[in-house]
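Presented sequentially are two complexes of subunit A, the first with subunit B as partner and the second with subunit C.
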Partner chain A sequence: MLGILVSIVDGVLVGSVYGLAAMGLTLIWGVMDVINLSHGAMIVAGMFGLFYLVTLGLPAYAALIPVLAAGFAVGVGLYWMSVHRMIGRPPLMSLLATFAVNMVLIGLGTALWGTVLFNVPVSLPGVAWKGYTFTGTHIMAAVATSVIAGLLYLFLYRTRLGKAIRAVAGNREAAELNGIPTTQVLALAFGLGIALACISGALIATLFPFTVLSGTAYQLKSFVVTVLGGLGNPAGALLGGIALGLLEGLLTPFMPVSWTTVIEFGVFVIVLIAFPRGLFGFLRHARSR
Partner chain B sequence: MIRALRRPTLWLIVAVTLAFVLLPLRGNDVALREGLLLAAVYVILATNLNLMIGYAGYVNFGNVVFFGLGGYTCVWLVNSHAWPLVAAALLAGALVSLVAFLFGLGILKLRGAYFALATIGVNEGVKAFVANFAPWGGSAGIYLSIEAYQPLGGPARGLWIIYFLMVLVMGLSLLASYGIKNAKFGLGLRAIGQNEDAAMVLGVPTRRYKALIYSASAFLPAVAGALFFFKSAFIAPDDAFDLALSTEAIVAVMLGGQGTLVGPAVGAVFYEELRSTLLTAQAFSHFQLVIAGALLLLIVQFVPGGLMGWIYRRWPRMRRILE
Partner chain C sequence: MRKLWLAAAAALYLCAGSAFAADDTLTIGFTVSQTGSLNLDSIAQLHGFEMWRDDVNGAGGIKAADKRYKIAFVSYDDQSQGGRVQQLYTRLITEDKAQFLFSPYSSGLVATATVISEQYGKLMMSVGAAEPKTYQLGNKYLFQVYTPADHYLASAIELVKSKNPGAKIALVYSDDPFSKAVAISAREQAKQGGLQIVLDESYPPNQTDFSAIINKIVSSGADTLLGGGHYPDGATLARQLYDQKANLKWVTLLVAPDSPQFASLGGAAEGVSVGSQWAPQVTYKPDFGPTPADFAKRFQAKYNIAAGYHAAGGYAAGLLLQRAIEQAGSIDPEKVAAELNKMNVTTMFGATRFSTDPKSHGLQVAHQMVLLQWQSSNGHLENRVVWPLAAATAPVKFPYR
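Right after this comes the complex of A and B.
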C-alpha cells in the first residue's frame, strides 16, 4: 500500500514536468490557434542544450537559465520562419508548417548525433522515508517546475506584456484596435511556448537518459496532458500533467511499463472525443452552470 | 458512362497503370521493378490520403495505421492460419475498413486540429497495443517462412505476382479517387471541406459521408500494406506504424496539390524518386528527412496549391484535362 503511495507521489513529481511542456503547447494554441508539432524537437533541443552546458562545466540547475533564454530566442526565430504566414489560414497549413520544422530538426539531429543514448549526470541526495527513497532529481524538477509556472502566472497576470498576450488570445482584432502590436505579441507568445518546451526538456534530461528521438514520446505526452487540461488553458495543462503523472504512478506497480502507453493513448482519444474542452474545462463548465 | 470514356483523365490512369506493368517486364528488370513497387506504394498512400485531406478537408496524420494493420492481419492469417495471400489481403482490407468506420464514427465528431491530434493518438495507441499483443508477436513482430511463397510458385515468381497485384491496387486507388471526385459523394465531401456547417444545412449527410470516406480511404492502403509486408516476410510494430511514412504521404499530397486527382500521384512518384536519389548519394543519405521537411515547409509557405495548383493558375484550361 505504502509502495503504491510512493509510486504515485513520484509520478506526480515527474508529471509536473510534463505539465510544463504542455503549458508551452497550450499557450501557443490559446494565443494563435496553432498546434505546434515541433514541440517534441524543441524538448529534445532543451535536453541537448543542458547536456552541452553541463559538459562545459556549468551546474545543471544554473544551466536552466541559458536554456530558457536560448529557447525563447529560437522560438521567436521559428515564429518568423514557419508560423507567421500561417496565422489565419486553415489548421492544415500550420500543422504542416510546424511538422516540417520538426522533420528538419529531427533529421539534422539524427545526422549529427545518431540515436545513441545520452545522459546528464546529476547527483542530488534523495529523501528517505520509511524504507522508501524519493529521488532528489525528481523533487528538484518539481520544485523548478513550480517556480517557473509561478513566474509565468505572474508574467501573464501582473505585467502589461502578459496582459497583452491574454488580450490577443481573447480577441485579436479588438486587441489590435486597442493599439496592441499583435504580430509582435504572437511572436513573443510563440517564443515563450518554445522556451517552456526547452526548459521542460532540460528538466527531463536531469531525470532520464534520452536520444534524439525521445522528443516524439514527450510531445505525445504533452498532447495527452493538454487535452486533459483543455487546449488553451495553461493552469489546466499543469493540472493535466500532474493527473497524467498520477495515472502513470498508479499504474506502474500493477502492469509492465509498455502497457501504460496503451492506456495513456486510450485515455487521450476518449477524453478528446468525450470532453473536447478538456477534463478540467468540462468540470469548470459543469460547475458554473 | 460513354461521356466518362471521353474524359482524358480516365485514359491517363489506364495508361500509367499499363506503363507500370510493362516497363519492368521489358528485359526482366528487377531493380526497376523494386523502385516502381515503392513508387506504387507511395501513390496508393498519397491518393487515398488525398480523399481525406484534399476532398473532405480533414488532416489525417495517422493514415499509416491502416497500412500497418492491413499488413499485420494478412501476415498473421498467412502465418498462423495458412490462408492464401489474395484472400488474406482482401480480408485484411475489409476488416481494417470496418475498424476505420467504427473509429471514424467516434473521432470524426472532432474537427480541424482536434481531429489531427486524435489520428496521431490512434496510430500511437495502436502501435503501443500491438507491441504488447502476444498473438501478433509483441514488439518482436512476425516472421514469415519461405514456404509462404510456395503457393505463388516460389519466391522469384511470387515477387512478380506481388508487384502486379500492387500495381492493380494502385490503378484501383486512382480509379476510386476519380470516381469519388466526379460523383455526388465527392461533391458532398468537398462541400464539407469548404464549410461543414453550410454543407450540413444544405442537406449533405456529413456524419455518414465522413465515416464512409474515412473507411474508404482505409481499404486499399490496408491491402497495399498486406502485400508489402507479405513481400518483406517480416512485420514489427515500429515498421508497420511508422509515423514518418504517414508524413511522407502528406508531403507527396502537398507536393502534387491537395484535392486534385493527378497531383498526389505525381507528387508521390516525384518524392519517391527524390528519396531514392538522396538515399543512394553518400553525402545525403542521412539528410533525407531534412530535405523532405524543408520541401514541405517551402510548399506550405509559398505554393500551398502544390504543383497542380501552380499549373492551374498558369494554364487554366488544364483544369479540364488533368483533374
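Right after this comes the complex of A and C.
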C-alpha cells in the first residue's frame, strides 16, 4: 500500500514536468494551428543548454533563466525561418516544415555529440520515508513547473501582450482589425512555446541523464498530454501531464513497466475518439453549457 | 600524335597496374551504429577494427601462402536499426564485393545480419553480440568472439552467494534479445545457488524514468539488483538508484558500467559492478598478437580514451580472422572457416574456441568473463577486476556503497 502511495506521488511530481513540456506544444497549436514536430529537439536543446551552463559553473537552477531566454530567442528565429510562410496553409505543410527542422537539429546534434549520455550532476536533499525517497530534484522540478505555469497564466491573462496572444488565438482576423500586429504576436507565441520546451528539457535534465535522441520519448508524452488536456489549452496540458503521471504511478505497482506505454497510448486513442476536445476541454465545455 | 597515343597507352597501363594491385587487397564489410542508441558501444568496436587494420597494414598485410593482402574496410551507418542492417549487408556483399564480414554491434542487429551473410555464404566474425540463440540455427559461417549471454551475470551471482547467501535479488532488465537471454540464465543460476528472486521485471529499451521501478525494488525488499541492458538505460538506472537511495547491498548492471564514460556519473558510478568480456588489467599470455597491456596502451595513445571490451573485442575479431587466413594460406571462405573451426588459441582478448557441434556451430565455448567494480581511490574512480578471485586486481567492496 505504501509502495502504491509513493509511486503515485512520484508519478504526480514527474507528471507535472511532462505537463510543462506539453504546454509549449499546445500553446503553439492553440495560437497558430501548427503541430510543432521540432518540439522534441527543442526539449533536447534545453537539456544541452543546461549541461553547458552548469559545466561553465552556473548553479543548475539559476541556469534555467538563460535557458528560457535563449529558448525564446531561438523560437522567434525559427518562426521566421520555417513557420511563418506556412501559416494559413494546409496543416501538412507546417507539419513537414517543423519535422524537417527536427531532423536537421537531431542530425546536427548526433554529428556533434554522438549518442553519448550526458549527466548534469544536481544534488538536492530529498525526503526519506520508510525506505522510500522522494528526491529533491523531483520536488524542485514540480515546484519550478508550478511557478512557471503560474507566471505563464499571469502573462497570458494579465498583460497586454498575453491578451494579444489570446486574441490572435481566438480570431486572428478580428485581432488584426483591432490593430494587433498578428505576425509579431505569432512569432512571440512560437518563441514562448519553444522557451517552454527548452525549460522543460532543462528540468528533465536535472532528473535523468540524456542523449541527443531523448527528445522523442518526451515529444510522444507531450502529444498524449496535449490530447488529454485538450489541444490549445496550456492549463489543460499541465493537468494532463499530472494525470499522465498519476496514471503511470497507479499502474506500475500492479503491472510490468513495459505495459504502461501500451496503456498510455490506449488512453490516448480512446480520449481522441471519445473526447476530441481533450479530457479537460470536454469537462470545461460541459460545464459552460 | 603517335607519341601522344604511346603516352596515353603507358598511362593506361600504369592505371591498370594499380587496379591489379587492388587484387591484393582484402575487403571486409560491416555496418557501424554511427547514429542511434547503440552508437557509443558500436563506435568503440569500430575503433578496435580500425586499430587491427592499421596494425596489419603497417606490418605489410596478411600473409596467405605467397601473397600479402592489405586490409580495406567498407562500412555504412546502420542507425542502430535492424531494417538498415539487412539492406546494407546485402549491399556490402552484392555491390561492394566484401570478401569477409564483421558483424554490426548488438545481438538484435547481428541476428538480422546473419540471415544475409548465411544466405550468401559469407564468413562473418560476430562481435558485440552475446545472445546465444543466433548460433543455434544451423549457421555455417558465423563465429562468435564474445562469451555467450548466459554467463554475463554468472560471476555476480557467484559473488553475491559467497558474500550474502540469503540475498534477495531484484532482476530488472531491458526488454531486448540480449538482456532477456541474460535474464533467462540468471534466473536459473540464482535458483541453483539457492538465491531468491523477489522481483523479476523487464522495461522497454528506451526507458528514461526508473523511479517507479526503483520504488518496486524497495517494496520487494530486495537487497541485490542484477540487470540493466545497454548504455543509456543502464547509466540512467545507476543515476536514479543513487538519487533514490534504494537500500541495496549489491548492484551489477549489464554493459553500461564497462564503458569508461560511466565514470561521468560520479558518485552514482561508485560500487556498481559489471560482467565484462575483457579488462585492460587481464594478464592473458597471447599465442600471437599484442598483450592486453600493449593493446590497452596503444589504444589509449591512438584514440585518447581507455580501451573497453567493445574495442578489445573488435580488435580480437580481426586478429582471429587474420590467424585463420594465415593458417589456411588462402582467402577461400571454406578454407578459412575450416581453420576457425579448428582454432583453440589465446589472444589479448582471452581464450577462443568455437563450437563445431552442428546444433550450436560458431558459438564461443572457451572465452571467460571477469567482474569489474567501480571503486574510488583518492577521489578518482577506477574500474577494477574483483572476481573471480584468481584474476582479481582489487578486493571486492561489499556492500557496494
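Odds and ends about this structure:
Keep this in mind: the second predicted complex is superposed on the first by the 287 of 289 C-alpha atoms of A that agree within 3 Å, B and C clash if a C-alpha of one lies under 4 Å from a C-alpha of the other, contacts with A are read in each partner's own complex, and residues count from 1 in each chain.
As a working rule, a contact is a pair of C-beta atoms (placed from the backbone, for glycine too) under 8 Å apart; a residue touches a chain by one contact, two chains touch by 3 or more.
Since we're looking at a predicted model, the values are computed, not measured.
By the document's definition of touching, of the two partners only subunit B reaches A:273; subunit C does not.
Judged by the touch definition given at the top, the superposed model places A:102 against subunit B, while subunit C stays out of reach. By the touch criterion defined above, A:227 reaches subunit B but does not reach subunit C. In the superposition on chain A, A:110 contacts both subunit B and subunit C. In the superposition on chain A, A:258 makes contact with both subunit B and subunit C. In the superposed model, A:86 makes contact with subunit B only, not with subunit C. In the superposition on chain A, A:35 makes contact with subunit B only, while subunit C stays out of contact range. Comparing the two complexes, residues 110, 216, 256, 258, 261 of subunit A contact subunit B in one case and subunit C in the other.
Residues 35-40, 43, 175, 201-204, 206-209, 211-213, 215-216, 218-219, 231-232, 235-236, 239-240, 243-245, 247, 261, 264-266, 268 of subunit C are the ones that touch subunit A when the two sit in their complex.
Those residues of subunit B whose C-beta lies close enough to touch subunit A in the complex are 53, 57, 59, 61, 106-107, 109-110, 112-114, 116-118, 120-122, 124-125, 128-129, 131-132, 139, 243, 247, 250, 254, 286-297, 300-301, 304. Contacts from subunit A toward subunit B in the complex involve residues 29, 33, 35, 82, 85-86, 89-93, 95-97, 99-108, 110-111, 216, 220, 223-224, 227, 231, 256, 258-259, 261-262, 265-266, 268-269, 272-273, 276. Interface of subunit A with subunit C (complex): residues 2-3, 6-7, 10-11, 14, 110, 114-117, 119, 121, 126, 128, 131-133, 135, 137-138, 207-211, 213-214, 216-218, 248-249, 252-253, 256-258, 260-261.
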